[in-house]
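What follows is a pair of complexes built around chain A, which joins chain B in one and chain C in the other.
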Partner chain A sequence: MDQQVLLPLLLSVIGAATPLLLAAIGELVTEKAGVLNLGVEGMMLSGAVLGFAATVATGSPALGILAAAAGGIALALGFGVLTLTLMANQVAAGLALTIFGIGLSALVGADFVGMPVEPLAKLDLPVLTELPVVGPLLFHHDALVYLSLLLTGGVALFLRRGRGGLVLRAVGESAEAAHSLGYHVVRVRYLAVAFGGLTSGLAGAYLSLSYTPMWAEGMTGGRGWIALALVAFASWRPGRVLLGAYLFGGVGILQLYAQGAGGIGVPSQVMSMLPYVATIVILTVIAAGRWRGRLDAPACLGKPFRPST
Partner chain B sequence: MSVRIERRPAPSRLLMAVTPLLAVALTVVTGFLLFLLLGFDAGRALWEFFVVPVSTLYDLAELGVKAAPLIIIATGLALGFRANVWNIGAEGQLTVGALCAGGLALAFWQQEGVWILPVMVVAGVAGGLAWAAIPAFLKTRFGVNEILVSLMLTYVALLLLSTLVYGPLKDPEGFNFPQSRLFSGSAQLPILLEGTRLHLGVPVALAVALTGWVLLARGFIGFQLRVLGLAPAAARYAGFSRGRLTWFCLLASGGLAGLAGAFEVAGPIGQLVPELTPGYGFTAIIVAFLGRLHPLGIIPAGLLVALSYIGGDNAQISVGLPQAVTGVFQGLLLFFLLASDFLFRYRLRLTAGREARA
Partner chain C sequence: MTLSLKRRDFLLGAAASGLALTQGAGRLRAAEAPLKVGFAYVGPVGDYGWTHGHDVARKAVEAHFGDKVQTTYVENVSEGPDAERVIRQLATRNDLVFTTTFGFMNPTARVAKLFPKVKFEHATGYMTLPNMSAYNARFYEGRAVVGTLAGHMSKTGKIGYVGSFPIPEVVMGINATALAARRIRPDAEVRVVWVNEWYDPGKEAEAAKALIDQGVDFMTQHTDSPAPLQTAENRGIWGIGQASDMRAYAPKAQLTAIVDHWAPYYISRVQAVMDGTWQSQSVWYGMKEGMVQMAPFSDAVPVEALEAAKAVEAGIIDGSYRPFAGPIKDQTGALRVPEGSALSDAELLKMDWYVEGVQA
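Showing the complex of A and B:
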């Protein structure tokens, strides 16, 4: 395959992987704190529509991205009130958030369907972008692509090195112990949930402002759920989330290319099943294999916590 | 003075029954404000949503038609939710059930006979069982999270349906539309009320809910499920097999979802199409919670949520609201319900001085 084909292919993989990476890295932090938020799809859609609407209304993509992030945080905090303060079941509340987000985004976005918007500007770096092949591949992207990678690196460092990361993991592994050491379990969880909302909102904004610069109902197409699977797939490690996001993005793009090339004798829907089937297979392999002891699911994942005094 | 939150020694039964009504009221008020905010004719929208759907006999029958699959699926899901087994892939199990039942109907589309319908129903249940057996096996054998597996399988099932409807099962005389042939008369559920679409599946749904209630309240398996959900350690001590109960929950909910799928294709739809339901499998989760995971509560909950579907359709036609507004109502309803749950499990008490701990 020559450069004319390979370069656009790799670029589209980056495009497909970025929203998955953004959504998954936030959910990873949420889950590390012991909270399972199944509302990623809903938060992504809300971010997508708010980012789009704000960009159209103000003409400023930066404000659009901010609006998307704020929307994601607002929904996540609503989820937080339900599950952390009012001790509601996390699975049910997360599903409610997704159903609500899908509906709300369609309602808000009704007037924006079919409108065009200028895609996010590519940020070029002096010299680096000029490099052949490497330049356009690595140094000619919009801010959200760079941000997704920076956030992933930041989360990895935070979890491994920072004192804050230690507290976060303690809260997720043993809420009781963290509480008795004097940490505010509920407050830490609120922050983690809000971070998850922030990145889900950004993931949505990337979809509606860069990947396909427009708004369409349900435009996330299940990416929120894939992001959730990705966190388990990555056994709660940022590095593997990065790997998984690009792997899943790649599978999706390969399927599009195979379709465009006249198909490989397999209906396109069968190719579309691949990411879902792959997730199940890999979850099983991880759970069954010799890595069993290193699955690393936070011990308190999904369990509500209420200080006893 | 400050507010102190304390756990009630026992959940308040009165509040448990009243809070769903409170949640409904809050949903209506919030919906009204939201419509105003977005510049729709809010009063008219609510009228279309909640009053018009119950104003004629035909609409009332429609309510039953839409509530039946929700009640059937939610009853199955509630069994599992009680025991902390989270099957959220009912939509996929419904789809596979519908595919099996529909495939059978298409295989015998030129034949008539009373045996066709029962065989279709059995095939539908078998399809749902098979699809739910995958997460059950992976959960009990390898400990893989059933939430993710059942959900991923939903997407696989929807794509499978799409593959077949766009491919081998497409109606050869259908001008290339992605839909199957219409089923023969023998493959369609009998209509119970002339001039409506009220089919045999509606009374069956009530029977399913009643059976679920008896099972949960009186059956040994229901007792085991409740113990497993409330006190896993006690369940283990009593020797209840967690694996067997997980299998039971997933198979029961999967089989019932498959049954609902068979009823949908043999009833209101009458053929296979790429989008069989407006997400009944997911909405049934709301219904299960709204009904307090109690089969008798699930019946009114199913009717109420069915109302939001019909109301959403009406409001789309008359007020121009996007159909997705149904999801807004359903999501809000579940939010308020979960929030109001707090009221019967905890109580607020005013105390002097001491800082409240949230």
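Showing the complex of A and C:
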């Protein structure tokens, strides 16, 4: 494969990885606080449709992105009310959120089918963008690509260094202990869930405003579920989420390029399976091997918390 | 007929027929009730492609018959065990049921055996029963027109094809494109990338990018979203709309679109049920019957290519241009169809090999 193909291939990988990274990094924070939100797909779709609708209505992509984030947060807070305040089962509520998001986005988006929109502008930097190879590869993307990387770095720092991160992890590892130390478990979880909604909304906006600038029903195509798998794949670590998102995105893109180049003797269906096979293999290895202790699933993941007085 | 009216009519009708039944005059009442027609769709009506095309036809049925029909549809029905449940549900409350994807064939047949009084119409399959018809469109005729355009307009001679699944329907479309292109330009090549989905805009766009990065300068697709065409627009190459006119997504790139035009068939079948003349049949209509149509050609098509494309269209309609006429060689170079003969419908419907010039 020559240079001329390699650069666009890498660019495609970045595009494929960005929505996964955005959705997964928010879900990671949510899960670190002990809440399992399976509604990522639904929140992404709401973000996608609201981002698109707001951009069409106002002509401003910035407002579109804000609307997408707000839509994701609104849905996530609905999930929060159900599971954190009303103590509903998190798995059931998350699935309901996905189904709700699919339906709601189709309803809102019905009038926007068949409308084109300008893709998000690429942010160019004066000198850097003109560098050969490195310029287009690293310094010629839209805001959401940079934001996904900044958010990942921010989350990593927050979880490792910040006092807030420590509280968040405490809430996810042992809600009772955090509560008895005087931390507001439910409030922390609400914030974490809202953050997950925000990034899922942004992931949806990336799809409808940048990746394939259009609104089409169900356009996320299961990426929300892949993002969920990614969080477990990454054993709840931001760095590995980044790696996993680019790996998953990369395998998907690579197999399409391989087909275009005349195939590599492996059926395309097998290639499409690879990210999922990789997830299963890595999870099995981590769970069974000597890294067992390092699986790092938050101890209170999915467990409801009722503050005792 | 608005939704609220529809519901009221439905309730009134149900109440009236219940009343009438108790009086022993149920049959009389039933004759005046609207004919109920159900549709099972594989995708969302908002896909702007395949399912959108069927829903346009459903609306045409409503517009044509007004109060005499009542239509319902279920969208996003996956081609698995769920399909049978949905079709059975539609069968319990409709007189006529359209199931609009190949994968619904077996579920439709199973349900049809359970509901002998309900009529079923299944798209793009081959099974029929006394109460189940098969209907299909000769999309490959549109592909021949597209291939002709590609032969004239591609500079690199490499035609991109975003494929869904390697079923005969899709395989014959790929082959028709390649054969038509190579009649114009013998070195033309059709490069296929399979996404293994009918509908995933993101993945379809990725496949299109992969093809364009490898030298393709003319994009066609057999998936349901406008994403590959939109990618063609963004990268400044030519493209073709799929199933619906997708000009809005690619004002510069779209040269034409292969448009599925189901409305006349749906209206005629609904009429047949109303008249009591409905019979099970298996039809495969094409451009001649108007089931497959080309969207208006773009101004970007040069005169020579436009004339060639229109000649192919006219030739298909009058039977003088046969897309699968011999000689046809397969990928290995072996002669599969000798000069002077052509592939039969039966051979087309089980096509599992690629013609020379296809890379899939």
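FYI, the second predicted complex is superposed on the first by the 298 of 309 C-alpha atoms of A that agree within 3 Å, B and C clash if a C-alpha of one lies under 4 Å from a C-alpha of the other, contacts with A are read in each partner's own complex, and residues count from 1 in each chain.
Convention: contacts are C-beta pairs under 8 Å (C-beta built on N, C-alpha and C of every residue); 3 or more make two chains touch, one makes a residue touch a chain.
Source: prediction; values computed, not measured.
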Chain C versus chain B on the shared chain A, clash or fit after superposition: clash
Touching partner for A:Ala106 - first (chain B), second (chain C), both, neither: both
Contacts of A:Tyr257 with chain B and chain C, given as first, second, both or neither: second
Which superposed partner A:Gly114 touches (first chain B, second chain C, both, neither): second
Touching partner for A:Gln269 - first (chain B), second (chain C), both, neither: both
Touching partner for A:Ser174 - first (chain B), second (chain C), both, neither: neither
Partner chain in contact with A:Val5 - chain B first, chain C second, else both or neither: second
Chain B versus chain C as contact partner of A:Glu217, first or second or both or neither: both
Which superposed partner A:Thr30 touches (first chain B, second chain C, both, neither): neither
Where chain C runs into chain B (options 77-85, 149-157, 275-283 or 293-301): 77-85
Chain B/chain C common contact set on chain A: 106, 110, 217, 222, 269, 272
Sites on chain A touched by chain B in the complex: 38, 42, 78, 81-82, 85-89, 91-93, 95-108, 110, 186, 217, 222, 225, 228-229, 232, 267, 269-270, 272-273, 276-277, 279-280, 283-284, 287-288, 307, 309
Chain A contact footprint on chain C (complex, rising order): 43-48, 52, 76, 160, 191-197, 199-207, 209-211, 213-214, 216, 225-227, 230-231, 234, 248-249, 359
Chain C partner contacts - residues on chain A that touch it in the complex: 4-5, 8-9, 12, 15-16, 19, 106, 109-110, 113-116, 119, 207, 211-223, 252-253, 256-257, 259-263, 268-269, 272
Residues on chain B engaged by chain A in the complex (per definition of touch): 34, 38, 86, 88, 134, 138, 141-145, 147-149, 151-153, 155-156, 159-160, 162-163, 166-167, 282-283, 285-286, 289, 321-332, 334-335, 338-339, 341-342, 345-346, 357-358
